[in-house]
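There are structures below to look over.
You will see subunit A twice below: alongside subunit B first, and alongside subunit C after that.
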Partner chain A sequence: MKTLRITFPYMGNYVHAFRGLLEDLGYEVVMPVKPSKRTLDLGVKYAPEFSCLPYKIVLGTYLETLPKGVDRIVTSGGVGPCRAGLYASLHEKILKKLGYQFEMIVLEPPLVDLKGFYKTVQHLNYKNYSLWYIYKTIKRNWRKIKALDTVEQKALFLRPRELTKGSVSARYKEVLQYIINAYSEKEIAEAEYEALKELEKVPVDLNRLVVKVGMVGEIYVLLEPSSNFEIEETIGHLGAEVKRSMFLTGWTRDNTMPGKSEDLLSVKDAAKPYLPELIGGHGQDSIGNAILYIKQGFDGLIQLAPFTCIPEIVARTILTRISQENNFPILTFFLDEQTGKAGMETRLEAFIDLLKRKKLHKLEKAEKGGKLNGTLSWN
Partner chain B sequence: MVNMAAPTVGIARTLNYYAYFPFWSGYFDTLGLKTILSPPTTKEILDQGVKDALAEACLPIKLFFGHIASLKKKVDYLFIPRIVNLNKKTVYCPKFLGLPDMIKYSYDDLPPIIDIRVDNRTFHDGLLIASLKLATKLGFSKLKGVKAYQEGLKRQQLYENLLAKGYLPINEVNVKKPKHFSVKSPFKIALLGYPYLVYDNYINFKVLEFFNQNEVQILTAEQVPLAVRKQYAPFTNKKRVFWTFSDRVLSSFQYYLKNVPDLKGIIHLTAFGCGPDFIVDRIMEIDAGERQIPYLTLTIDEHTGEAGLLTRVEAFLDMIKRKTRSEVSQ
Partner chain C sequence: MELYLGIDVGSVSTNLVLIDEDNNVYESLYLRTKGQPIQVIKEGMQLLKEKYEDKVTIKGVGTTGSGRYLAGVIVGADIIKNEITAHAIATTTFVPEVQTIIEIGGQDSKIIIIRDGVVTDFAMNTVCAAGTGSFLDQQASRLNIPIEKFGDLALKSTVSVRIAGRCTVFAESDMIHKQQLGYKIEDIINGLCEALVRNYLNNVGKNKEILPPIVFQGGVAANRGIREAFARALGQDIIVPKHFNVMGAIGAAILAREATNGQKTNFKGFMVADFNYETRSFECNHCPNHCEIAEISEEGKVIGRWGGRCPRWEVI
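Now for the complex of A and B:
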C-alpha cells in the first residue's frame, strides 16, 4: 500500500505530538513550517480580507506545505457559533480553486457526534491498526502534550526571575528537544524530568518581586507564539509572570487552582453573572478566567484576540466593566496582519510598568514602617 | 381606553427589528403595552454608536448601540431579548447572543432591560414559554400571554407572506399598511445581505430606491420562504453555516442561482468588521463565478460615502448591460 503524505496546521509546540501520532498511524508527515512573515503574506494574499488572523496564518501554512506533495490535510472542526468551525471547509474550497488536489479530513468534537468522530478516525487509520494500538498511540502522545505544557509553564515562571535576560528562553529551547525526541511514555516522563531539572539550573532570583499577569483570549492566538509576536516571552523579559488560561491539556488548570472551596468555582460559573450565554469561541472563558484571576490576586490581565473576532469583542465590552468594578487593569490586543511588534512592546512596557507601580504602592501601604521583602525588578 | 399608566417598551430599529418586529408588536399590543421604536437611523444615531461601542466592533453593533442610546431615556423598559435559536437548526451570530450583556455593561443610566432568552431547541426557553414567562413577569395572566403569543405569530406570518410577495420593509416594518414593493422588471438583481443592512435606508444609502428608479427588480433573501430555502444546502455539502441570517443569505443565494434563469447579477451587501460574512462572501463569490454570474461585494462602514457606493452600483449595472448587449449581438 502506498504510504500517504499528510500535513496539519501549525500550533505551538504541539506539532511535535501531532507528528508522532500521525507517524504511528503509518503516514509520512509533511511538517508544517513554523509560521513566518512569508506564511502570513501568502495567507493574506488568498484569504478573504476580513477573515481573522488565525485563518490567514493557517491558509498560508497550507500554501507553503501543499507544493511539497500532500495527500491529506487533517484539522479540527467545530460546531459554532465561532467561525473556526467552518474554516476547514472554506480553506478546502479556496485551495481546490487554486488547483491543489488533496483530501481534507476534519475532526469534529466527539461529544457532539460520536459515531461521526469514530468514522473519521477509522478513515484516518487507513492502515487498519487495531483500536488498542490507536488507543496506545493517542495515550502516548497525550503524555507528550502534557510534558510540553509542564515545561512551558516552568519557563513562564522562571523567565521574569532570571538573572541574565534571555537565559531561560535559550535553555528552554534546548530542553524542549528532550521531549520532542522521546518516544515511549517512560522516555517522555524521563525527558520531562530532565528538562525541568535543567531549566531549574538557570540562575534566578526567587525573591524578586514579580507581577502576575493572566492571559485570556482566542485559542489560536494564545497558543501559537508566531501569531502573537512571542508575547509571553516579551512579558517575561519585562519582569512579569504570565499565567495563560488555556493549554491543550485542561490538566494544568486543575493543578494550578488552590483547593479552597471559593476558588473551586468553574470558569463557566465565574462568567455567569456577567455573561450567562455560551457565545462561541472562548468569549465566555475570557470573562470567567478574568474573574478567577481577580479572585486569585493577580495584578492584571491581557486579552488576545484576532481582529473581527466577535466572541472576544463581546467579552471585551464586558471586561471593561469588570476592570472598573475591581480596579483591575486589563489590556486588549486585537491582532491582524498590520499589528507590529514594536508597537505591541511599547504598550506592554507601559502596562507592566503600571502594574509594578500599583503593586509596589500596595505593598508599601501594607508594610508601613516595615521592611519590604525582596526587590522589585525594573529591568 | 388607553391606559396612561401602561409602561412603555423600547425597541431598537435595527438588528432583529427587520426580522421579528411583527411578532413582538403583536405580542406587546395584545398585552396593552406601548412599544416605542427608535427613529430610523440618522447620522447622529450612527455617530453616537461609533462613540459608545468598542472601536473593533462591527458596524451593526455600533449601530445598535446608537439606537439604544437614542431610546434609553424615553422608555420604561428596554427590550433586548437574547434570541439564540428560532428554527431549531441555526443560532444567531455571537453578537446577538451577548447583546443584552454588552449593553448592560456599557451604559450606566439604563431603564430595566428585558433580556428574555429564546431558544427553540430547548423546551424551557422556547418562544411560547418565553412569551408566557415574560407576560407573568409583567403582571399578566398566562392566558393573556398565550393570546399575545398567538397574535404575534399571526402578524409574523402575515409579514413573511408580504416579504415572499416582494415587499421591501424600508426603514419600517408595518404589516397593516405595507408600502414598499420593488418594481417588476426583467432586469433582476439579487441583493443579498442581513436585513438590518438591506432594509436600513440610511446605512445602505437608499440603494433600494436607486434600483427602483433604474427599473431594476430586487430579490432579497427574505423573499425566499424558509420551507423553500431549507432544501438548499449552502456549503460544500458537508456543513451548513451556523448562523441564522448567514444561512438565510446563502440558501437564498443558492435558490436564486438555480431557479431564476434571467438573474443578471448578485450584490452582497456587507458591513465592515462582520465576522461571519467573510465566509459567506467567499463562498458566494466562488459559486457565482463558476456559473458566470456577475458578482459585487459592497462593504459599508461608518466612513462610506453615498457617491462612492452608488457609483460602484452604477458601474456594476453598466457592466451587466454591456455584457447582455454583446451576448445578444453575437
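Now for the complex of A and C:
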C-alpha cells in the first residue's frame, strides 16, 4: 500500500508530538512550517475578511504545506456555538476551489459522538494497526506532550528571574530538542529530566520579587506564539511570571505558592456564578480561570482573544465586572492581522509596571517600614 | 547645579524638561515633531546646550513617548519607559490626591485610574478615539483659526450643535455639512469639542470609575472648549496642571532619578546635538517573517536596531 502523506495545523510545540503519533500510524508527515508573516498574508488573502486570526493562520499554514504534496489533512472540530466547528469544512472548500486534492479528516471531541470518533480514528488508521498498538502510540506521545508542557512551564517560571536577559529563552530552545528527539516513554522521561536540569543551570535570582500574571483566552492564540507576538516571552522579559491557563495536558495546580492552596474548584464551577452556560470556544474557561487566579493570589490577568471572537467578547464583558468586584487588573488584547506590535508592547509594559507598583505598595503597607524581602526590578 | 533630563517624543510634539531633586521644573521645551524625531531631538538638545552646557550637571536621563527608544539611544538614557507610567508618575507627584488622569495627546489618548497614589487601571485608545490632537490641529487650520484660539471660540457658543463623533472622518463631513447649512462657527466648534469628549468617554473611559480629583493633561488640555466639555459631561471640576503639556517628559525625568539613584548616568552629554545621525531600514530575509529592521547610526557607528521578532539584530 502506498504510504500516505499527511499534515496538520501548526500549534506551539505540540506539533512534535502530533508528528510522532502520525508517523507511528504509518504516515509520511509533511511538517507544517512555523507560521510567519508569509503564512498570515496567505491566509488573509484567501479567508473571509471577518473570520478570526486562528482561521487565517491555519488556512495560511495549509496553503504553505499543500504544494509539497499532501494526501490528508487532519484537524480538530469543535462543539457549541463557536464557529471554529465549521472551520474545517470551510477550509476544505476554499482549498479545493484553489485546486488542491486532499482528504480532510476532522476529529470531533470524542465525548460528543463516541462512535463517530472511533470511526474517524479507524479511518486514520489506514494501515490497520491493532487497537493495542494505537493505545501504546497515543500513550507514548501523550507522555511527550506532558514533557513539552513541563519544560515550557519551567521556562515561564525562570524567565523573569534570569540574570542575563534572554538566557532562559536561548537555553530553552536547545533543551526542547532533547524531548523532540526522544522516542520511547523511557527516553522521553530521561529527556525531560535532562532538559529541566539544564534549564535550572541558567543563572537566576530566586529571591527577586516577581509579579504573577495569569493568561486566559482562546486556545490557538494562547498556544501559538507566532499569533500573539511571542507575548509570554515579552512578559517574562518585563519581569513577570506568566501562568497560562491552557496546556494540552490539562489544568495544572499551582504549586509555587505554598500556604495558598485551597482545594481548587473546577474551572467550570468557578465560572458558574458569572457564566453558567457553555457559550462555545473557551469563553467559560476564561471566566473560570480568572476566578481561580484571583483565589490563588495572582497579581493580574491578561486575556488574549482573536478579533471578532464571540465567546471571548462575552467573556470580556464579564471580566470587566470581575475586575471591578475584586480590584484585580485585567488587560485584554484582541488580535488580528491589523494588530501592531508597538502598541501591544507599550500597553504590556504599562500593565506590568502597574502590577509591580501595586504589589510594592501592598508589601510596604504590610511591612510598615520593614525591609522588603527581595526587590522588584524595573527593567 | 544637578538636574535630571526628561524627553518625551510624541507624534505631534517633542518635549524636553529639566527638573531638580525636588521636582522643580527648571526648563521645559515644547517642540513640534513634524515627523522628524531625530532632527527635533537634536534641536532640543542644541537649545539646552546653549543655555545650560556649562551651568548644570545632568545626573540622569529618561525618555518616553512613541519615539522613546530612538531618543533613548541618541542621548544615552538611563531609563526608557512607556508613556502611561511616565504620565502617572508625574501627575501623582504634582497632584498627590489625583484619582483619574485624562491624557489626550496627538495620536494617543488614555485614561489612568489611580487609588492611594498607585495606578490601579488604565486604558489607551483602541480602534478609535485616536488622533484627537492631530484632528483638532487639522480642523483649526482648515477653518483658518490659530490652534491656540480654537478652544476659546467654543466658549462663545450659545447653541449646542450635535456633531457625529464616532469617527473623525464622520465628524469632519458632519462639520462641513453643518457649516454649509449656515450654523455659527463657534457653535460648530463647541459641538465638535463635545463630540470628541463623548467619543473619549465612550471608547477610552468606558467601564472606568472616573472619580475626582480629575486631572486633564496632554497637548489637548490647552483647549478650553474641550476642558469645559469634560467638566460638563462629568459634572466635576477639571484640574489642568501647570505643566500639562510636558507631563510625560517630567515623568521620564523623575523615573530617571529613581533609576540612577545616585549612580553614574549613561547620558552622553549635550554634544549629541552636534553628532550626525543616519537611519536606514532593510528587510531581514533570514526567515519567512521578513521583519523590517530599522537601524540608526551615530557618526557612522550603529547604535540601535528595532523591528525584529527575534533577537537576531538586537545585539550591536
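Here, the second predicted complex is superposed on the first by the 367 of 379 C-alpha atoms of A that agree within 3 Å, B and C clash if a C-alpha of one lies under 4 Å from a C-alpha of the other, contacts with A are read in each partner's own complex, and residues count from 1 in each chain.
FYI, a contact is a pair of C-beta atoms (placed from the backbone, for glycine too) under 8 Å apart; a residue touches a chain by one contact, two chains touch by 3 or more.
Only a predicted model underlies this, so the values are computations on that prediction, with no experimental measurement involved.
Trainee: Are subunit B and subunit C a fit on subunit A, or do they clash, once the structures share the same frame?
Mentor: Verdict on subunit A: subunit B and subunit C fit.
Trainee: Kindly classify A:L131 by the partners it touches after superposition: subunit B alone (first), subunit C alone (second), both, or neither?
Mentor: So A:L131 meets neither subunit B nor subunit C here.
Trainee: Which holds for A:L163: it touches subunit B only (first), subunit C only (second), both, or neither?
Mentor: A:L163: touches no partner chain.
Trainee: Does the superposition put A:R347 against subunit B (first), subunit C (second), both, or neither?
Mentor: second
Trainee: Figure out whether A:T320 sits in contact with subunit B (first) or subunit C (second), or with both, or with neither.
Mentor: both
Trainee: With both structures placed on chain A, which of the two partners, subunit B or subunit C, ends up touching more residues of subunit A?
Mentor: B
Trainee: Touching A:P311 in the superposition: subunit B (first), subunit C (second), both, neither?
Mentor: First partner only.
Trainee: On the A-aligned overlay, A:V112 touches which partner chain: subunit B = first, subunit C = second, or both, or neither?
Mentor: A:V112 sits against neither subunit B nor subunit C.
Trainee: When the two structures are overlaid on chain A, which partner does A:V33 contact: first (subunit B), second (subunit C), both, or neither?
Mentor: After superposing on A, A:V33 lies in contact with subunit C but is clear of subunit B.
Trainee: Does the superposition put A:L98 against subunit B (first), subunit C (second), both, or neither?
Mentor: neither
Trainee: So, A:Y274: does it touch subunit B (first), subunit C (second), both, or neither?
Mentor: first
Trainee: To make sure I follow: the centres are taken over C-alpha atoms, the vertex is subunit A, the ends are subunit B and subunit C. What is that angle to the nearest 10 degrees?
Mentor: Given the fit on chain A C-alpha atoms, the answer is 80 degrees.
Trainee: How far apart, in whole Å, are the nearest Cα atoms of subunit B and subunit C in the superposition?
Mentor: It is 5 Å, taken between the nearest C-alpha atoms.
Trainee: Where on subunit A do the contacts from subunit B and from subunit C line up?
Mentor: In the superposed arrangement, which is not itself an observed complex, subunit A uses residues 320, 334 for both subunit B and subunit C.
Trainee: Name, in rising order, each residue of subunit A that touches subunit B in their complex.
Mentor: Interface residues on subunit A, with respect to subunit B: 47-52, 55, 79-83, 85-86, 89-90, 92-94, 97, 106, 274-281, 283, 307-311, 313-318, 320-322, 334.
Trainee: Which residues of subunit B touch subunit A in their complex?
Mentor: Listed in rising order, the residues are 53-54, 56-58, 61, 82, 84, 91-95, 97-98, 101-102, 105-106, 117, 235-236, 238-239, 241-243, 272-279, 281-283, 286.
Trainee: Per the contact definition, I'd like the list of subunit A residues that touch subunit C in the complex.
Mentor: That would be residues 33, 36-39, 166, 229-230, 320, 323-324, 327, 329, 334, 341-343, 346-347, 349-351, 353-354, 357-358, 361, 378-379 of subunit A.
Trainee: Would you tell me which residues of subunit C are touching subunit A in their complex?
Mentor: 66, 79, 81-85, 116-122, 124, 126, 207, 209, 258-259, 287-291, 309, 311
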